[in-house]
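The structure follows.
Think of it as A, B, C and D in the order they're written, each chain with its own count starting at 1.
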Amino acid sequence: MSVLIDQSARVVIQGIGGNFGRFSARDMVAYGTQVVAGVAPGRNAREVEGVPVFEDMRAACSATGAQAALIYVPAPGALDAVLEALDAGCRVVVYPGDGLPVQDAIDMRAATHRDGAVLIGPNTPGVISPGKAKLGFMPSFCYMPGKLGVISRSGSLSYEVAWRLTTAGIGQSSAIGIGGDPVKGLNAAEAIELLHNDPDTEAMLYLGEIGGNEEYALARYAARADAKPTAALIVGSAAPRGKKMGHAAALVGSQVDTQAAKAEALRKAGVHVANSLRDLVLVAQHAMSQSEKEVLDT
Amino acid sequence: MMITEHKGKLLLGTHGIAVPHGSLIREPNQLRSWRNGFPIAVKAQVSSGGRGRAGGVLRAANMEEAEAAAQRLFENDFSGERPQTLLVEPWLDHAREIYLGITVDGMAGGYAMLYAPAGGVEVEQQAPLEYPFGAPRNFKAHGFRRLLADIEQDCALRERVVALARRLLFLATAIDAITIEINPLAVMPDGKLLALDAKIVLDEAAAFRHAETSDELERARKKERPAVAKALAGNLMMVWLGGEVGLVSGGAGMTMAAMDLIADAGLKPACFLDCSSNPTPAGYQLAFKLLDAEPEVRAILVSIFGGGTHMDRVARVMGDIMKKRRSRKPVFFRMNGTGRDKADAVMREAGLYNYPTLESAIDAAVAEVRTP
Amino acid sequence: MMITEHKGKLLLGTHGIAVPHGSLIREPNQLRSWRNGFPIAVKAQVSSGGRGRAGGVLRAANMEEAEAAAQRLFENDFSGERPQTLLVEPWLDHAREIYLGITVDGMAGGYAMLYAPAGGVEVEQQAPLEYPFGAPRNFKAHGFRRLLADIEQDCALRERVVALARRLLFLATAIDAITIEINPLAVMPDGKLLALDAKIVLDEAAAFRHAETSDELERARKKERPAVAKALAGNLMMVWLGGEVGLVSGGAGMTMAAMDLIADAGLKPACFLDCSSNPTPAGYQLAFKLLDAEPEVRAILVSIFGGGTHMDRVARVMGDIMKKRRSRKPVFFRMNGTGRDKADAVMREAGLYNYPTLESAIDAAVAEVRTP
Amino acid sequence: MSVLIDQSARVVIQGIGGNFGRFSARDMVAYGTQVVAGVAPGRNAREVEGVPVFEDMRAACSATGAQAALIYVPAPGALDAVLEALDAGCRVVVYPGDGLPVQDAIDMRAATHRDGAVLIGPNTPGVISPGKAKLGFMPSFCYMPGKLGVISRSGSLSYEVAWRLTTAGIGQSSAIGIGGDPVKGLNAAEAIELLHNDPDTEAMLYLGEIGGNEEYALARYAARADAKPTAALIVGSAAPRGKKMGHAAALVGSQVDTQAAKAEALRKAGVHVANSLRDLVLVAQHAMSQSEKEVLDT
């Protein structure tokens, strides 16, 4: 299996009753994901988009064997929904919502770690392993199977980039949206480690932003002797200091938060860093051909 | 969002952390009711950093100096913000200034405690020592104490700092703060610690469980320029940047990527404007209304890559807006994503051109703005 | 300690829990500024339970009724407390009253959530459903929801209750509350929940990190009878009981055991008075000063079983106090524990008798009081 | 070994520098407890009462092999001290202090359970196994070895009672002060279970109070078929409703909190319940002779 999800994953959608839940059920099924159950507490639906609906996660997971959850509930109830998914035995949980209090994200992350599970999110489109399955709502047509692993803090940017890669003939092993919030279920270092250990991934592309410090995890990884080739695009060079750029974590507070500091640290560590979207495909190609070269060398 | 020093100190004080006894004034003549002696510190209350270096804190040895200081501060701008209030406090002699803070750290997956043995405006010279611990229950006073031991020989001070750190953690979780920074934290002649400044950043996402945070958000919104205030009220994410190229975009990362491309091309983006939080006809109409009304904005770039958003629907909305719109500012479209093919057809019918790539749209916009 | 409904509702309101828009008044004529229509509820603000049954909440259909109600409430005692303030609120029609609370539960090793489908003054008829979860992080909304499912068919209501329970938990930890009880919690015609009452008990031990709690403690102390207020100020634990036998004791359990023995013997203890928090000459002197000044107290029993406290030292202190004391109220000593032998000698020298057992000392005291 | 502590236990005192720490070191050593280390952060003492002093618990425990801790620090620092003791590997921790915020007690208890350790306290004199060792500051002369296990919510009352028992010739296997606060490290049910499994204990005496609900744990235990004989004294019958009697948990809020309700529930379950201190020794004797009878019957 690829990282986190493939055709064998059995998925439950928490909050399947809303518009987004319905759309996502159709969309994931169309991509080949096994959506086996939905949960909609407080609604008396039996079925949504052909998917059986249960009263709670325990019932849904025990009836269907689901072990992956995609959660569409508003931020105030998100922590509770994640805890419920974990208690029901889910090993991979995606929470796409934004506007989650950081403290709740911290609690989610801690609970997920305690249970040995993986949480993707908050504030993410989810994860896709092209040609296999997706757990999230990224536009499927942007992706194609391949060997480049993609990690992104931004949803929209990852669609744009995936589409460019696909158009340029560079397929993706998996694309993981780690999300735009400061505290993440799966953070950059952990996503990198997943892709590092994934035999389907030969090189990585990291899509970062100003703010936070997780790009330095990529720099540390790239400096390792056994690192796979890496490329990166860090956006936000035109953003002013002290202003939050949409994402909760995208804010330049000090020098290390800037695009320039991050790009420099990454270049020093050997990452192929794009200057902008214009040369994004180019750096991805560099990383991919470096990986081919390394394969030939060994 | 950051709250003023005064509000921050009230929160510290009500949670058992010592702060000076200060008064808030709204105009210089309120100084006359000050009864706590001189010298005093007169401090501009603004919600942005770097106030100390910008001359926002003045010392006054007597009433004349105090009134002059207040006058000066009320007339000054600090990072574009004019103080509405000043905080007046006794100017206290102290043995030493240190730095203590708690902040959210992405890599730690939660909170980190920060300490520097030399506080004050110089703290940025040397990065504070960091004790990352993540979830609140993982804070270990002995772990933090062990870190301090390497740089802080004074055992009694260390114990006081550790106790205060525990209290900061309690406060941060109680009020959903992302950052609480005490700098300087004064070591008084008797060894006790006193918070001479307070920088508290509240988690906007937690406003649903803190009326104080909602109120602060409302106040902060009102202080923004009208265009931004209206955008935020309309559930669009906007940051004003002051350039020539207006941007109607979707998604924070994509919006920044487009901003960067505009800047690379030698122009300045007028704004960060992310409509993905309200991708409706009303949302897009508002975006155009605001950008059309800004004289600095000479061209508008619409850059959207839709995932859940269906681009044919957006295209139809854009067609309607363009038909009704009175402004003649040129608009450059680059719309891609779900339903792209149908969107192209809709736009052709509406007489609009959809550029194939973001770069080509930006290049066209730049050429237009550069044309005299 | 329990805070008033009004303060409790302020805390609920600032933490995102809906409460009626009320006003606090200190005298009946402040009602005239009420502009929110009639009928209204006029509610005595006292820090004790059972107010509803005691007639502390009155309905008024117009201004005349309101003023009469306010007059009546200000003149009434509720469990010995006269209200300083009244809360005035719209009298709201609602579909149903339920009960929701969070409290500390010893057996659960932490918190428990409480729910009853029928709230109001009748809730004590039937014990609320309990969801014990202990540490805050063990609260599982789905666990609580599952419990509710058995007694609450309305799914939408269930979801609202679960969401509110999560918010109560946040509030309890943020303010160090031991109990937060919303009873009644009204289900409004639109299905939303509104807290019509609020009973919040703060953890006195957490006063060091909540100025609000310290202030409440201070206020509560001032409301006590002078003897109790002075005892608390002197770091003695005192509860006034109003009987004939004054008690100078050490340790809560021992003090209660002595109280029970006095009551078994047919008299009433004058007080619970535990000096173990301040077992110093000053502490014991204060204890005697307070009991000697109370005319109801006809005899004093000194009952101490010292562990860390050395009884020879206590005996010496008692000797000194007896020497200087002017009151002629008889004192009966039963002092045992560490250093008992030396204590006996000290007391003999001071001309005092140490009873061999608590029972013999009490029997002697009872005989003395019964002697006309 | 007896419950929790015996002669082989190696004890560290946190906060040995203060008056109470010094007294307790002398007092415990005099009773035969192995006090092997002390910790006094912020003091530069090398030795207190002949006990070597270390900078922190990790140093103290690794140098001396201590696995039991007695903590004398003020309430605001108590949680941190307990967490330090647990991290240093202590399996039995006593926190005698009172005035601890309930929330901190909850956190202490949760951390102790997570680590599989036992916490006694807050608001307790500690635990003693007469003739073996003590971990706390109860007056030694009140106790003598024997077969009655004692559990008490109150320190002072437990001295008084132990002295009466000893005077009457009833020795004690262990006396555990579970403390007067609502949330306890070791609660009544857990203390009962310890004594139930302790071969040195033949009967139990429970010293309870008004307020809280832990006495009902004894009632549940006594109703078990395999229960050891039990006796109890519940104080506070003369206390008024709604007033806190010194101990944080000693408050009658509702009917179940009262002395009468508790005594009745215990009697129904077969516990020998004393009416007051006057017949305390008598009920203890009943429990002891019941246990002898049961031994003879089998």
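Note that in this section a contact is a pair of C-beta atoms (placed from the backbone, for glycine too) under 8 Å apart; a residue touches a chain by one contact, two chains touch by 3 or more.
Just so it is clear, the structure is predicted and the values come from calculations on it, not from any experiment.
Colleague: Take the average of all CA coordinates in chain B, do the same for chain C, and state the distance between these two points in whole angstrom.
Modeller: Distance between chain centres: 44 Å.
Colleague: With chain centres defined as C-alpha means, what is the inter-centre distance between chain A and chain D in Å?
Modeller: Going by mean C-alpha positions, chain A sits 51 Å from chain D.
Colleague: Taking each chain's centre as its mean C-alpha position, how far apart are chain A and chain B in Å?
Modeller: Chain A and chain B have C-alpha centres separated by 26 Å.
Colleague: Give me the residues of chain D that touch two or more other chains.
Modeller: Those would be 76, 107, 110.
Colleague: Two or more other chains touching the same residue: where does that happen in chain C?
Modeller: Within chain C, the residues that touch at least two other chains are 137, 173, 208-209.
Colleague: Are the chains arranged, by touching, as a line, ring, star, complete graph, or other?
Modeller: other
Colleague: Name the touching chain pairs, please: which are they?
Modeller: Pairs satisfying the touch definition: A-B, A-C, B-C, B-D, C-D.
Colleague: In the complex of these two chains, what residues of chain C are touching chain D?
Modeller: Within the complex, chain C touches chain D at residues 48-49, 79, 104-107, 109-111, 124, 134-138, 173, 176, 178, 203-206, 208-209, 237, 239, 241, 250-257, 259-264, 268-269, 272, 274, 276, 305-308, 336-338, 358-359.
Colleague: Can you name the residues of chain B that touch chain D in the complex?
Modeller: 137, 140-142, 145-146, 149, 155-156, 158-159, 162-163, 166
Colleague: What residues on chain A touch chain C, complex-wise?
Modeller: 41-44, 55-58, 76-77, 79-80, 83-84, 87, 107, 110-111
Colleague: Which of the residues in chain A end up touching chain B in this complex?
Modeller: 20, 23, 75-76, 99-103, 106-107, 109-110, 125, 137-139, 141-142, 152-160, 163, 180, 182-184, 187-189, 207, 209-210, 212-214, 216-217, 233, 235-240, 242-250, 254, 259, 275-278
Colleague: Using the touch rule from the top, collect the residues of chain C that touch chain B in their complex.
Modeller: Residue positions touching the partner: 13-16, 137, 167, 170, 173-175, 208-212.
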